[in-house]
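Multiple structures are listed underneath, in structure tokens.
Below, subunit A partners subunit B and then partners subunit C, in two separate complexes.
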Partner chain A sequence: MNTVLTSARHEILCTLRARVAVLLLVVFLGMVSLSSLIGWITNTTVTRVYEKILADGLTTAPNPFAAVSALYYSRNSVIYVVLIGALMAIILGVQATLRDRKSATVDLVLSRPVNTVARILGQFLGLGAVIAVVLAASTTISWAAIGVIIGTPLGVDPTLRLMGFAAVSWVLMMIFALLGMLTGLYSRKETTALLVPFVVWSAIAFVLPQVGTAARPVALLNPVPALAASGGTSFDLIGALTGPFAITEQFKRVASIVLRDDSVTGNPVASILLLLAVLIAMIWIVVVTPRRALRSGLNE
Partner chain B sequence: MTTSAISTSALSRSFGAHQALADLTLDVAQGEVFGLLGHNGAGKTTTVNLLTTLLEPTAGDASISGHSVKTDAAGVRACIGYLPENVQFYDNLTLLENLRFFARLSGLRRPDARIRDVLGFLDFTGHDTQRVGTFSKGMRQRVGIAQAVLHSPAVLFLDEPTSGLDPEGVRTLRETIVRLNHEFGMTIFMNTHLLSEVTKTCTSIGILNHGRLVHHDSMTNTLAAFPADESLEDIYFQLDSAAA
Partner chain C sequence: MSDTWIVAEKELLDLRRDRLFAILIGFLAIASLISVAVASADFRNQLDAYNLYVTNLAQSGSTVTAAAPQLFPLKLLRGGIEYLEILGALFAIVLGYGTIAKEKYRGTLALFLSRPVSRFSFAGGKVLGLSIVWLGVVVVLTAVSLVAVVTIGHAPIGGIDVARLLIAGGFAWLYLVFWTALAVGLTALSTRLSTGLIVALVIWLAFVLIIPQIGDTMDPDNQVPGGLFATLNIQKTDELSVLAQFSAFDGIRNGLEVSSVTKHFERLTFAFLGIKDQYNQLPLGLVWTAMLPYAITLTAATLASVVFAALATTRRTLQRNQS
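Right after this comes the complex of A and B.
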């Protein structure tokens, strides 16, 4: 327990002292915070145009924003988590495990009565705490910003939904942080340690959903999951096979339901369980790293 | 009768086809300062890595204060301190933050008082809140010694401790090693190239040649056995060339 806590505390300290890491955290926080503002600008712009064409007698349709949930203003955060949040988590994860190998401090650590599982678990928890604090801050900012936009504080249900969104965002980001930790542990070069998880991330976020749904690449930048192909095409089979691995789409599905996006319906439980299963599997893969892998030097 | 602080039995390590250390059998008594000499690639660092449990032996065994490196690695780690060659730290952290981390990993729960004592012993005060990244080589070496002795280990392993130090740094380190041995009875196992330092600090020596121990005796006996040779350097070259 002592090693876990010591490693976690040390990881938090090292992460907060690294300029790149802090810059990434600030960028992510800024983008998520701007999400509400962007949503509000979109709403007011569309409403203004709608009122103009309504006054000109060009439409009788209702205002498309009239019935949207207050949580609509947080919807852009979904894509920021998939794009900026995941990449930030990868960099933090790579830094966490590469740090000791790069500076050779690993020998000082491993000459201590330290259990390597506890050591790596501590690093994971330290990173988890940093990411949790960033998500808590962004959630608080979103909550306050939405309250200002709609002119009243958010009620209990939407507040809990925002918190739920933060929780599922943490799970997704920690999966990518673990991917970064893994390549940081096993790569022979620092550049490889960073490039490999970026390639894996792009495959998960863009390639897998595309082969399973025939979605246009730009559609994958939407905060809602790509629509599944239907009608007995080969996409059905491919989609069924690749869907569970397209974790960013699973995340979008959960986030859309939690944030009350009407275009996505159904029960998010299966997707949540899948994300948790991937998280647990990744934790297991990373913490069982043998001592000799921790000690392996870089070819640089 | 003295008990062994370090005892190895046919300790061996290969890297693929290369035999880095072969059948090393030696005993270092408690309270000794042991110097392991040898040319580059002789197997000195491999020996220290095996004794500090950073590497696993391919054959043989070793025990540190009665703990086997093969069957009780955690017990070994709990009673040793280790200073690697060219020691590195977390440069973005302060001296105190670095030492707290290593102290806690060694099991010290509230280490600040102990850190102050150790830094005072090393005459290295006033740098607590300075980032280690700004330290000179000599200062880093003192931090290295500090992290190695924070938990009062029974055996201290030093791998080329004088590497890269200026003459003043070498002298300070030598004095520190002698004090750690005299004042705290710490057994010290040291790899080094500097034969002059070995003469001044070590009570016994071993010479490795291509992974094999070709000489092991007390410093007094070693010097007495070669009366015709003027210095340890002459003795070293004589033993090393005889083994080659």
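Right after this comes the complex of A and C.
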């Protein structure tokens, strides 16, 4: 237990000392803060556009935004978690495991009676704590920003939903942090350690959903999950096969339901269980890394 | 043989032996192929749905006619262009970083700089070598795309289509050189190697993904699935007259989008390939006239990036000790 806590504490300290990591955390927090503002400006403008259309007598349809949830303003945060959050987690994960190998301190650490499982688990928990604090800060900012926009503090239900969104975001970000830790442990070059998880991320975020839904890569930058192409049984079949692996789309689905985005309906339990299963599998894969992999040198 | 060319030649040799580079380009080519296959399958689905609709209409005795979906071969390349926008830029950064990182790590930099070489030969050679590599990659990707459209998409390709594709390929080359030169400059400036890469990645994240995404989010028509105006049954002329009264908002939104070099590349390629309906089947001369400002800004951005790489990659910055 002592090894786990010491490693976790050391990881938190190293992450906070790394200027680049702090820069990424600031970018993430900044974008989440901005997302409420962007959501509010857009919603206000679209409502004005609708009112103009109504005043000109061009429509009698009801305002599609009249019953929009207060959490609508934070919907862009979903995509920032997939883009900035996941990439930030990868970089933190790579640096966590690569740091010891680069400076060769791993030899010193492992000369002590240290269990490698406890060591890696400690690093994972340290990263988890840093990411949890960042998400707590972003949730607080979103909660306050939405409160300012709607002119009243958010009630219990939307507050709990925001917290639920933060929890799911933590799971997704930790999956990518573990992916980074894995490549940091096994790659022989720093470039490869950073690049491989980026390629895997791009395959998960863009290629897999495209194969299953025919959605274009740029369309996948939307905060809501892509829908399968209409009338295509081939896409339904491929989507059923690739869907479970497209974890960013699963995350978008859960997040949209939790944040009460009306365009996404259904039960998020299956997607949540899938994300948790991937997280557990990744923890197991990283934690069982053999001692010799931890001590292997770098070629760059 | 000049110093610059020797450096460039060495770069080409190194990349020819680099497995990581082969994997990256292979991934990009496969992603492009998949996108053509997906787009053509999507079109076939639309065609099947149309045929079913027409059959049902005929059976019900209706005389109403519906326009059949039309296949424009180069539109099948939209996904591939978007992959180049996102992943191509990412891989260009990695290659630009790698070219400086390997010299610093191996210690070959000190040996090179101990020779009587000119001020810009190192940076010039590196950027020249990488530019040649990207030219080769673009040629290969263009050929792969062309073959994919004909074989997977079963679409006929004419001479004008090839010309359009070649022009788009030229812009793709400029775009990739922009990112690679930027990464060279940033890596040369950073005392810790990974910092250069991560800063370049943050810039990539901001300009390739976040800014275009914000611009897209702010589009009023994107707020409702299927489009706001389509949902409210608003005609195109009415839509334009309503939006004209929100020109300030649209100006800010467009300003955000055009601050990203990626959007310039996207608008250029989408126009020349006819992916954007407004330019589809338009004579090349008219497309050039409409797209000239974007062509100039993309070229200027690439030149600026190359100059930045050349100025940043000095003897002093390269020889700084790593922290």
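The definition used in the following text is that the second predicted complex is superposed on the first by the 296 of 300 C-alpha atoms of A that agree within 3 Å, B and C clash if a C-alpha of one lies under 4 Å from a C-alpha of the other, contacts with A are read in each partner's own complex, and residues count from 1 in each chain.
In the analysis below, a contact is a pair of C-beta atoms (placed from the backbone, for glycine too) under 8 Å apart; a residue touches a chain by one contact, two chains touch by 3 or more.
Being a predicted model, the structure only gives us computed values, none of them experimental.
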| item | value |
| --- | --- |
| First (subunit B), second (subunit C), both or neither touched by A:F206 | second |
| First, second, both or neither for A:E190, with subunit B first and subunit C second | second |
| Touched partner set for A:I53, first subunit B, second subunit C, both or neither | second |
| Which superposed partner A:R17 touches (first subunit B, second subunit C, both, neither) | first |
| Which superposed partner A:L162 touches (first subunit B, second subunit C, both, neither) | neither |
| Touching partner for A:L71 - first (subunit B), second (subunit C), both, neither | neither |
| First, second, both or neither for A:I84, with subunit B first and subunit C second | second |
| Residue contacts with subunit A in the superposition, subunit B compared against subunit C | C |
| Residues of subunit A at both interfaces, subunit B in one complex, subunit C in the other | none |
| Residues on subunit A engaged by subunit B in the complex (per definition of touch) | 2-3, 6, 10, 13-14, 17-18, 99, 103-105, 107-114, 295 |
| Partner subunit A, residues of subunit C touching it in the complex | 20, 23-24, 27, 31, 34-35, 38-39, 41-42, 45-46, 48-49, 78-79, 82-83, 85-87, 90, 94, 97-98, 101-102, 105, 193-195, 197-199, 201-202, 205-206, 209-210, 212-214, 216-218, 220, 223-225, 228, 231-234, 238, 242-243, 245-246, 249 |
| Subunit B - residues contacting subunit A, complex | 52-54, 74, 77-78, 80, 82, 84, 86-93, 97, 101-102, 104-107, 109, 147 |
| Contact footprint of subunit C on subunit A as seen in their complex | 19-20, 23-24, 27, 31, 38-39, 41-43, 45-46, 48-50, 52-53, 56, 58-59, 61, 64-65, 76, 79-80, 83-84, 87, 91, 95, 189-192, 194-195, 198-199, 202-203, 206-207, 210-211, 214, 216-218, 221-222, 229-232, 234-235, 263, 300 |
